[in-house]
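Here chain A shows up in two complexes: once beside chain B, once beside chain C.
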Partner chain A sequence: MSPNLLTIDAAAVDWARAQFALTAIYHWLFVPLTLGLGLIMSIMETRYYRTGDDFWRRTTQFWQRLFGINFAVGVATGIILEFEFGTNWSNYSWLVGDIFGAPLAIEGIIAFFMESTFVAVMYFGWDKVSRGFHLASTWLTWLGATISAWWILVANAWMQYPVGCEFNPDTMRNEMTSFFDVALSPFAIDKFCHTVISSWVIGAAFVVAVSAWYLLKRRAAEREMALKSLRIGAVVGLVASVGAAVSGDESAYKVAEVQPMKLAAMEALYNGGTDQSLTAVAWVNPFRQPDYTTEGEAPLRVAIPNGLSILATRTVHGFVPGVNDILNGYTLEDGTVVPSAAEKMARGRAAIAALAAYRQAKADGADEATLSTHLAALRADMPYFGYGFVKDEAELVPYIPVNFWAFRIMVGLGSLFILFFALILFLEWRKRDVSQMRWLLMAAIAMLPCAYVCSESGWLVAEFGRQPWTIQDMLPVSASVSDVEAGAVAATFWLFLTLFTAMLAVEVNIMLKQIKRGSEHNS
Partner chain B sequence: MTLLFLQQYWWLLVSLLGALLVFMMFVQGGNSLIFSLGATDVQRRALTNSTGRKWELTFTTLVTFGGAAFAAFPLFYSTSFGSAYWLWMLILVTFVVQAVSYEFQHKQGNLLGARPFQFCLQLNGILGPLLIGAAVATFFEGSNFVVQKDNLTLMADGGGLLSGGSLVISAWANASHGLDALLCPWVLVFGFAVVFLTRILGILYFMNNVEDEDIRSRGSVRLVGQTVPFLILFVAYLVHLMLKDGYAYDPATGVIAVEPMKYLHNLIALWPLAIVLVAGIALVLFGIVVEILAGSPMPGVGKRKDCFADRYANKGIWFAGTGTVLTVLVLLLIAGWNNTAFYPSTADLQASLTIENASSSEFTLRTMAWVSLFIPFVLAYITYAWRALDRKKVTTDEMEHSHHTY
Partner chain C sequence: MMTPADIYRFYRDGFRQMTLGRTLWLVILVKLFVIFAILKVFFFPDFIGRHAAPGAEADFVAGELMNRK
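Let's turn to the complex of A and B:
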């Protein structure tokens, strides 16, 4: 990235971003399995509770052992994420802590305690507490994890679409004005539904893949467990992948509304207009930011007519702005004029200047009239405050190749999952013996890494697409960081990279051993 | 509910979380003693499994402490975490390696064998309490940071700089980013007092939680070895604290000034806290003494059955645990209440953080106050689940036959 500011070493910003991305990407390798497998495990244990059949007890316990191996790493990477807001994004933490801190605290008080209390009962309580209490603990562990996802996604959604707050020049920060606007923001609801439901796909893909492996290996001891787990996994998988598609469509519509630049980057749409087609494929060099000012459109483009207009505006002819429209300014169909990047940057600088003047005047004990003049100036340009920190309008364009390809990978694989889970259920419905279909079982195993790639791609779109903003239009990454040298952050980056990679390697290896040992063994 | 009331209320809650965290670090203290208390592999396994049922709670308490500090006192969160970078990173790393070590240590295919993971548990067992204790001590000893809110407007004037400097509001005043706090002897005294306290709590917890006479009798002997250094360090720090200068602020102007014996004054002004402090310390001592007496027949005491302590055998953790919570709670309250700067800056006295200048807005604090009504409910189900799970104690026998062991 080009240096944003003279005052902050660009390398320090980049390292801080890299470290946060590293932690988030690793964290997200473990969390969706917790959410997805937790659901499937709970369904299985409910069967045990209802039938009293020891088969379901053993099956639940088997999946629970795999759940346990994964759970701890999710917790471990999660704590780093929470504290990194402070350690690496100190300015950010102060400027929006009044709004952003609350969901995090609520997450701790309501969700994490539920999760950590009942996960211990779930692991160790089999012979110590009643069956009903144990079942409740399994569900509550899953519920705690899901509620925690709710609050952290509320926090994330707020950064993408800041609502329910107002800047206070005296305290020099944004302050919350409506908790419900923050907690029940439509953006947050979509984000939650899409993220959590897509996690169930990972849980389902995991259960289906492991079951398929047993069937492929013709392991007699695990055959029944594998067949029944496969069926449950496929049902959850189909419901979830359809749900993820529906909620994903809704999310894209919201993105078009509040983050048009992200949508333009996802689509590699340089020059927008009405009747926009949806790009199926096109050649966008993954390693180079395209020259969007002159290129016109991405080469070799195959598109669905009017698709993007429908996706973004829910109308056939709707207007969708491209990268250049957003940089140069455009007029919406209802007559709203969206200013150019240059104007936004000028107004942002005016807002910062007004703020500085206000604070200086206040410190000098100026009269009310002077103060309110400065204040009025600040209020007028406040919506563009963040643009005042941007030096070059090229910074306002996210890295298009990552958005473009990650979006296509996500949608492509997501559609594949719908077909795949539907196929398994269709074959089951037709009473075909799936355990004999080697191609199907091998495909099931191949689906597991695809599920992870799909899920991480979704996050790449969400987070790369909002650059350069930590908080949309309010605060760019360059003004959010802590005063820590690039070298120090680089050192912790490598430390975490080594640590997390080692943890992942150990986890995967233990998982594989555990799966090989099968359902009958302890520890 | 006035703003000041809400600020005090949230300082109370953050302090309570801090106090609960110190108590819950019996997990760390216990882990640091695994090799000292467990003679055989099976015994050591029983010990790690015993703390293994609680570590997630300790972890969650730490996370929630961070979350509550963020929500209620964001300037503290952004200043302390963003400036004392290395100190917090060290704390985090030791907790991360601990979190996975339980699950991984005895699993086939863990690539490294049990030893490295046990080492991580012990490393966290010592460093976790030491560094968190050190962080708490900086509430009294001060930290080397500056806060300059106007830095954010440095980009004004058409993108140029009004003055040389950084946009960042909070910064550490030197390149050590928090590590220099560990050079202050009093910070270390307090840090090590916390280390020994958590080891005491660890032993008491094991005596309660693991049904193994061997471990219990060894525990009651080891208890003495931890209590003596703890008492020396803790009493030394307490005396130092009562006599040292504190950082007071004028509630009308917010101006911060050094006040001799500020913390002693706070205890006198808030005298019920002094009573709670004495009660807390007494409970800690009581918890320790009953276990020492009950565990080992001391010469001259005569038949053990006559000893009053037997009634409380293996229950010392409840006394010492409650005592710890009360003691730490009072220490944290006198750091922030009664117009005291809870996070004093040694680099710029006026940059010191108080519950008034570092807090969230009244709206946020009030909203969160409603959420805090969940806390008794949370505590209730934690207690319920804990009791349900611990009705049957951990045994060495269980280690060989159970469905899920660490």
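Let's turn to the complex of A and C:
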């Protein structure tokens, strides 16, 4: 046994997870605004291109300045995640290196060439390139950011639904067998659609909130810009929030198929079955894991009959497994038997033993027949490899309260956004003067932080829900983490918290100053 | 068709005319310095590179995983 392993402290895993979560949450403050505001400013510039009206040029330039602030502060914050892979998550990093290499390299190249080229034309090119070329550059800046998001989300989706790969016991790496299976996995497509479309909601909420602030302050110079921006923001917001609901439904369907435990945790569904209802509200104590083995269901539950069966199986009477079903094993309607956690753990340990035997035999110069025997044993149990690291069945159940409440916050706020943007457009359609409705304008400003809470809640569901897995069924976090000292990771956690808070304060400060200066200020 | 000189002048003039952009570039440069010259160098070493001999990385990871079961 490696002496290093004797120093492994559970707290190191916790600190490494906390640090990764902190970095990812911080990074995700900037990315959705880039994607959402990029779309809206491109639409505005398209209006300028079509009408030639200088108002739309000034309006586009104003929103491009705010886009630039967000872009500048957010750029490169994602690189820190890659540093953390190499230091804190080295086992995981080694195992996925061959899979992640291609998408991340493509992302880096596209991000560098597309974004850096077209961002420059977008900011420096007014009156120096044709209007058409400038418009194309603005759209391509947005497209470049969106394509970057695609590759990152492909990498994330692969961890949740690993496809297109084969484990090589000689190199100890997962090697890509099909680039297209990885790049176009159905899980990746759903994740991309839901994540990017929900980012447009944040862009819309931002534009509506800033416009509402100008109207509240009765800034005459910005009144027309605010009113027209509010309208465009509401249209984009309504389309995006409805799109996010539709793509979210599709994501949930896919989660039910490949990550049933995540769905069970989202629903606090302890015991599944056919004709499952969808929980609207229930009392799940946020501060402790419920006793799912003895509780029949969460107390004070209000549910939509058959809703969960429809969501998870697309049939009214479909079978949906609960936490206990997944732990004890169950049989699907098509006759497929899903093994119990105990059996999966036993097969996982057998896979690890076969891997050890194979590598030992290889080192000893064993003959081909012996190697083939070990390899066949490894291949037979490889789908359960990760379960071999699990000590207790309870480790396989993610923290239910976070999943349950984060899912409800996301869906609740998402529904509120549909109503809010629809209300703005309804009032506009009825020719009501929204600039006089203080309650509406104040609500618009309050909706901006709600958009971020909604978006981050979605990530909490996605990432907490897949615990204990770094790679679904293949590698738990306890085996992914490096043998690092908890104190070292804790120190960088606090360092990051300080650094990120300072950078966020810088951004908010610059952003607020720029908003106060208004649309007439040129820079 | 833009020549390399035109492209150079395009960027040069663009950078010269920046106002808000100067502040943003300062933010970017300070951030990149902190990320690459401080965080990467002092806080985020290549863990496997430090603990495994060159060419023996797979053995190191195998040992880590198999002993953690």
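Basically, the second predicted complex is superposed on the first by the 506 of 523 C-alpha atoms of A that agree within 3 Å, B and C clash if a C-alpha of one lies under 4 Å from a C-alpha of the other, contacts with A are read in each partner's own complex, and residues count from 1 in each chain.
Keep this in mind: a residue touches a chain if its C-beta (ideal position, glycine included) is under 8 Å from a C-beta of that chain, and two chains touch if they have at least 3 such contacts.
Everything numeric here is computed off the predicted structure, so don't read it as measured data.
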Combined model on chain A: chain C and chain B, fit or clash: clash
Touched partner set for A:I106, first chain B, second chain C, both or neither: first
Partner chain(s) touched by A:D98 [first = chain B, second = chain C, both, neither]: first
Which of chain B and chain C A:A244 touches, first, second, both or neither: neither
If touched residues of chain A are counted for chain B and for chain C, the larger one: B
First, second, both or neither for A:A505, with chain B first and chain C second: first
Touching partner for A:M261 - first (chain B), second (chain C), both, neither: neither
Overlapping contact positions on chain A, where the chain C interface meets the chain B interface: 5, 8, 65, 68-69, 72-73, 75-77, 79-80, 83, 86-88, 90-91, 93-95, 120, 123-125, 128, 171-173, 349, 352, 355-356, 359, 388-389, 478-479, 482-484, 492, 495, 499, 503, 506, 510, 514, 523
Complex contacts: residues of chain C adjacent to chain A: 10-11, 13-15, 17-21, 23-25, 27-28, 31-32, 34-35, 39-40, 43-48, 51, 57-59, 61-69
Of chain A, residues touching chain B in the complex: 5-8, 61, 64-65, 68-69, 71-73, 75-80, 82-83, 85-95, 97-102, 104-110, 112-121, 123-129, 133, 137, 168, 171-173, 175-177, 179, 349, 352-353, 355-356, 359, 388-389, 391, 478-479, 481-485, 488, 492, 495, 499, 503, 505-507, 509-510, 512-514, 517, 522-523
List of chain A residues in touch with chain C within their complex: 1-2, 4-5, 8, 65, 68-69, 72-73, 75-77, 79-80, 83-84, 86-88, 90-91, 93-95, 120, 123-125, 128, 170-173, 349, 352, 355-356, 359, 388-389, 478-479, 482-484, 492, 495, 499, 503, 506, 510, 514, 523
Residues on chain B engaged by chain A in the complex (per definition of touch): 53-54, 56-57, 59-60, 62-64, 66-68, 70-72, 74-75, 77-83, 85-86, 88-89, 92-93, 95-97, 99-100, 102-104, 106-112, 149-150, 152-159, 161-162, 165-172, 175, 177, 360-361, 363-364, 367-368, 371-372, 374-375, 378, 381-382, 385-386, 388-389, 391-392, 401-405
